[in-house]
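Which chain is which? They are A, B, C and D, in the order written, and residues in each are numbered from 1.
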Amino acid sequence: MRFFSDNAAPVHPAVLDAIVAANAVDTAYDGDALSRSLDGAFSDLFETPVTAMWVATGTAANALALAALVPPHGGVLCHRDAHIQNDEGGAPEFYTHGAKLMLVDGAGAKLHPAGVAAVADAIANDVHRVQPHALSITNATEYGLAYTPDEVAALGALARARGWRFHMDGARFANAVANVGCSPADVTWRAGVEVLSFGFVKNGGMSAEALIFFDRALAADTLRRRKRAGHLLSKGRYAAAQILALLQEDRWLDNGRAANAGAAALAGAAGSRALHPVQANEIFLAMTPDEAASLRAQGFDFYDWAAGEVRMVVSWNQPEAEIAALAAAIAAL
Amino acid sequence: MRFFSDNAAPVHPAVLDAIVAANAVDTAYDGDALSRSLDGAFSDLFETPVTAMWVATGTAANALALAALVPPHGGVLCHRDAHIQNDEGGAPEFYTHGAKLMLVDGAGAKLHPAGVAAVADAIANDVHRVQPHALSITNATEYGLAYTPDEVAALGALARARGWRFHMDGARFANAVANVGCSPADVTWRAGVEVLSFGFVKNGGMSAEALIFFDRALAADTLRRRKRAGHLLSKGRYAAAQILALLQEDRWLDNGRAANAGAAALAGAAGSRALHPVQANEIFLAMTPDEAASLRAQGFDFYDWAAGEVRMVVSWNQPEAEIAALAAAIAAL
Amino acid sequence: MRFFSDNAAPVHPAVLDAIVAANAVDTAYDGDALSRSLDGAFSDLFETPVTAMWVATGTAANALALAALVPPHGGVLCHRDAHIQNDEGGAPEFYTHGAKLMLVDGAGAKLHPAGVAAVADAIANDVHRVQPHALSITNATEYGLAYTPDEVAALGALARARGWRFHMDGARFANAVANVGCSPADVTWRAGVEVLSFGFVKNGGMSAEALIFFDRALAADTLRRRKRAGHLLSKGRYAAAQILALLQEDRWLDNGRAANAGAAALAGAAGSRALHPVQANEIFLAMTPDEAASLRAQGFDFYDWAAGEVRMVVSWNQPEAEIAALAAAIAAL
Amino acid sequence: MRFFSDNAAPVHPAVLDAIVAANAVDTAYDGDALSRSLDGAFSDLFETPVTAMWVATGTAANALALAALVPPHGGVLCHRDAHIQNDEGGAPEFYTHGAKLMLVDGAGAKLHPAGVAAVADAIANDVHRVQPHALSITNATEYGLAYTPDEVAALGALARARGWRFHMDGARFANAVANVGCSPADVTWRAGVEVLSFGFVKNGGMSAEALIFFDRALAADTLRRRKRAGHLLSKGRYAAAQILALLQEDRWLDNGRAANAGAAALAGAAGSRALHPVQANEIFLAMTPDEAASLRAQGFDFYDWAAGEVRMVVSWNQPEAEIAALAAAIAAL
């Protein structure tokens, strides 16, 4: 029973169906009808005109977003535990040509204006110091916390006041929105976000994420950067089809809700073991090596996050029986 | 009737079947069984131990290959019309951090040792001049010519003598091998090629190319570069499945043969209009604008390559009736 | 007797005097009075407000200029024999993060609008092709030709019409201006040049070139790039002093005139051997190896440019006797 | 009276004399006799064969060193307050093409093996995490602490055990060696250092630092990187002359001793205000804004380091009267 990563989950049947349905002669690259429909689909979802483009991975989405927002000699304010800092093999530095990540603390990997401002205020504005040019947050955070629209807006206001651009890494955007129950617009552009990495792979997709530009002026150069990075697929229609299939019938949101519910059930069983509020599909638990071994002996697979800590992730299609079994096993520790 | 690009073609049914078959919980990234089987599959095909990895595009494959072979301050000898020079939006410069492409002439976009040596000999070996570090050829070439093993070996010998690394862009490797009838080994590593971009997307694949390291020592750093470039897919098993499906039952070679046969049929009809020998699935024809318009009026879609020149590409599954119709229309011009 | 390179020449006495005079406690970096006076001095010379900054080498000046004008995914149109292409070890690619140099032909390394336009017109405007973003010319050219203001203006008009930025590499700007007899303004910003690399090292300086921004909006980021490239000297006043010493009393122009006169004298002796018009301080002569050996046996040092071609460069302080002796020796061949 | 920065100090008279003495025709770039003598001069000083090259700034020296030691996808372990992290405008990221600086804590900006190992141990060895490839320390540190040979050797042993390269930023190497009284060899290569940035500008030089390769195999590529960065001076003999003048008669060491003595005198007066041990030419003092204003009113210039902290730097030629006056003023606060 896999609770190791939502990347281990299979692909939603509707996604496979859409791929099969797309299997006909069509224009190459992103000139096909499906790819061209993405702007409209996301503009509807976000209630404002946006430019959307598919990319194959969340790492590419984030790195392209940052490259659009920060010059090579600039910096990106982000959480010390941000995925862009710790888990992308240096992709932000590669795509931005060496911009510096500027690390901010915050419980549960969530940023707050005061913490961000304190880091920025310590940077003298001269040519010897790299200057911050953008703020990047992850929603849901790396520890499974969801931002409210007000929290994002407070950060957005800070960014605007300081002249920084504002990016949201939404690898688990569906889980965050499902948790808060807000509109996608309220927690993004209405709160100041200018570029969003909208994750679909952890949400039932196969190999397609969406990069959403609320500041549409940034998109043209990004199309060139995407090609230059080898991310312009020759047959883009199969990527577009995946995203559209998950947008249809709000599948992305249903999948997010289902995974969140599973994590909530585990959290209920875990009680005070939970190290962070559970607001998405991940739970982080205090656990001794013996306890972890006991769970593994019962067939549960999960991640050793740090000494005495484990991470469990519930996937969009995790069977209820598996969740119930794990909850019971945790409760019985 | 599309003769515009082999990227417009659909995906082979076996590829779709393989994707569907792969749709189960498995390890993320490239830790799954399918991805791990690629080394073996390609080692069998090439009759020598190789390291193989999937990437989403040919541009990424080429750029990663060059980054493995050339330092940022080095140069890559290639044809003036090479895809890496003209059609990848600067990806080689991005991935190599600014290496310089050094352009060589040659009929039909094919390189010969004398032409390569002449360009290299004109470069003084001092710190003011960027020095060549690698040679890159495209097989089949951008004008649809296939290299024989002897031709590649002559270039490989030159590269070895000069201390250059040797890369082959095989976006249409299947077509080239099908044309020459040689073993994949003879036209690659036995002829000195150290890294091969093995194309599958134009050959019936969806979104997976293979990067083959005959010099396996180069692969470890490339795995890091692939991640850093955002090309480590979260669910790599669906990419591996595509490649394996085309390797099985020699589908890749059958697809190459089929497309080549179509191009040969068109060439037979075109006669002296053909501007290059037809040794793969592309034909380049001299054609007036009026003639081109006439063909388009009959429902044929193709590419205006240059003034007075058109390119027609036959796909792996191009219906025989379409080919016959186009051949007749060309003959009737 | 050195006619090998104007970099072999010593430093003008006034430059040394200025360095000695600057040897007092002062503000570090570029905060000192001398550095802060550069904007004014060059604004006077160019009859328009400019931003000027010192850098240690012409390569750094050119590379910083291009980085200000071209994004990493862009291209620079320049002559096939341009210094930025052939003699800077890849510095333009390093500073621009991989922009592509797009090579244009032209006699004597001089560009003309038709040649530039032809190269640009062959580049389809899609994401597969790197797009030109700037035009760069060298004045005097690598073969010692000087541009007239009208010639530059014609290129400037083309650049403006196409939306390209316009850079002039003036490593031998003094020689060019001295030859044409125009105002520095007429051959630069009035003709559309936006950034000028103004050379002083070949003109009697020691280790300081000037980077002149006619488009002053580009300067702020360049100050950061200069620091990031390790070119912000800790004690900048000694660099500023060099430049100011050469600007004073029109020494830069006198030095240019003197060197040009020497080259003209050699050209007179060389007659039809001269391969290019002599409009600066360099001459290129057809010469057999035996003839070259004969000159060397007489104590003359010069550069073997290509098979059957030699380059001779006259320095700002080349003794008249040396010039006369070489002229006589050439005439006697 | 300037205690703001040792970059504000003038140039040693012997340096100016050496520049004047070098003012003759000679080979360009680094082909002159002075430049070619650097290897020998530093090999004598370090009692082992080294390759030495001049660069114009410490930032360039450090960035070139790191580029020689770390691939673009690698990381550099350094102190959180290291100059390479905070004061070089992103030069390390530029020259390394985006390597990541990995920040370690330690009192007085000094690193210790346990702290370094703890940071490294927290980095999982997979492709998602950037891996450390080098360790870089500053000697004397940014807070004026000097490493003993044993302290460096302990870090060198850790680096060797982990497979990291080892760099020392010696912007104030003279002050560090003068303080410890060790041989230059003992605190560098005998302790495992492979590349040293040997500072001369803060030590009486004008515009020349030395980059010393104890691992001589790294030098060849660095010569190309130096050119590519625009740091190959056209008239390098004037840079070499500066360095040689300071090496002669142990001027570099005398200058370091003199500056250290001044700082020690200030420290004696400052007593418990001193925030760090004073082992070089810098002192950091606790000081209220009113106290600082009082000193400034008496004509003393210094740096506001942080809230309630000031930095004072003694230059190689700081007049004893100025030092005595400042010491008295501090004591009288």
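Basically, a contact is a pair of C-beta atoms (placed from the backbone, for glycine too) under 8 Å apart; a residue touches a chain by one contact, two chains touch by 3 or more.
As the structure is a computational prediction, the values presented were derived from the model and not from experiment.
With every chain reduced to the mean of its CA atoms, the largest distance from chain A is reached by C.
Taking A-C and A-D together, the chain pair joined by more C-beta contacts is A-D.
For the pair chain C and chain D, the distance between C-alpha centroids works out to 34 Å.
Per-chain Cα centroids separate chain A from chain C by 50 Å. Between the CA-based centres of chain A and chain D the separation comes to 42 Å, rounded to the whole angstrom. Residue numbers of chain B whose C-beta contacts span two or more other chains: 72-73, 88-90, 94, 97, 127-128, 224, 227-228, 232. Note for the complex: chain C touches chain B at residues 72-73, 86-90, 93-94, 96-101, 127-130.
Those residues of chain A lying in contact with chain C across their complex are 71-73, 97, 127-128, 131, 221, 223-228, 232.
On chain A, the positions that touch chain B within their shared complex are 2, 4-5, 7-11, 16, 19-20, 23-29, 55-64, 88-91, 94-95, 201-202, 206-207, 224, 227-235, 238-239, 315.
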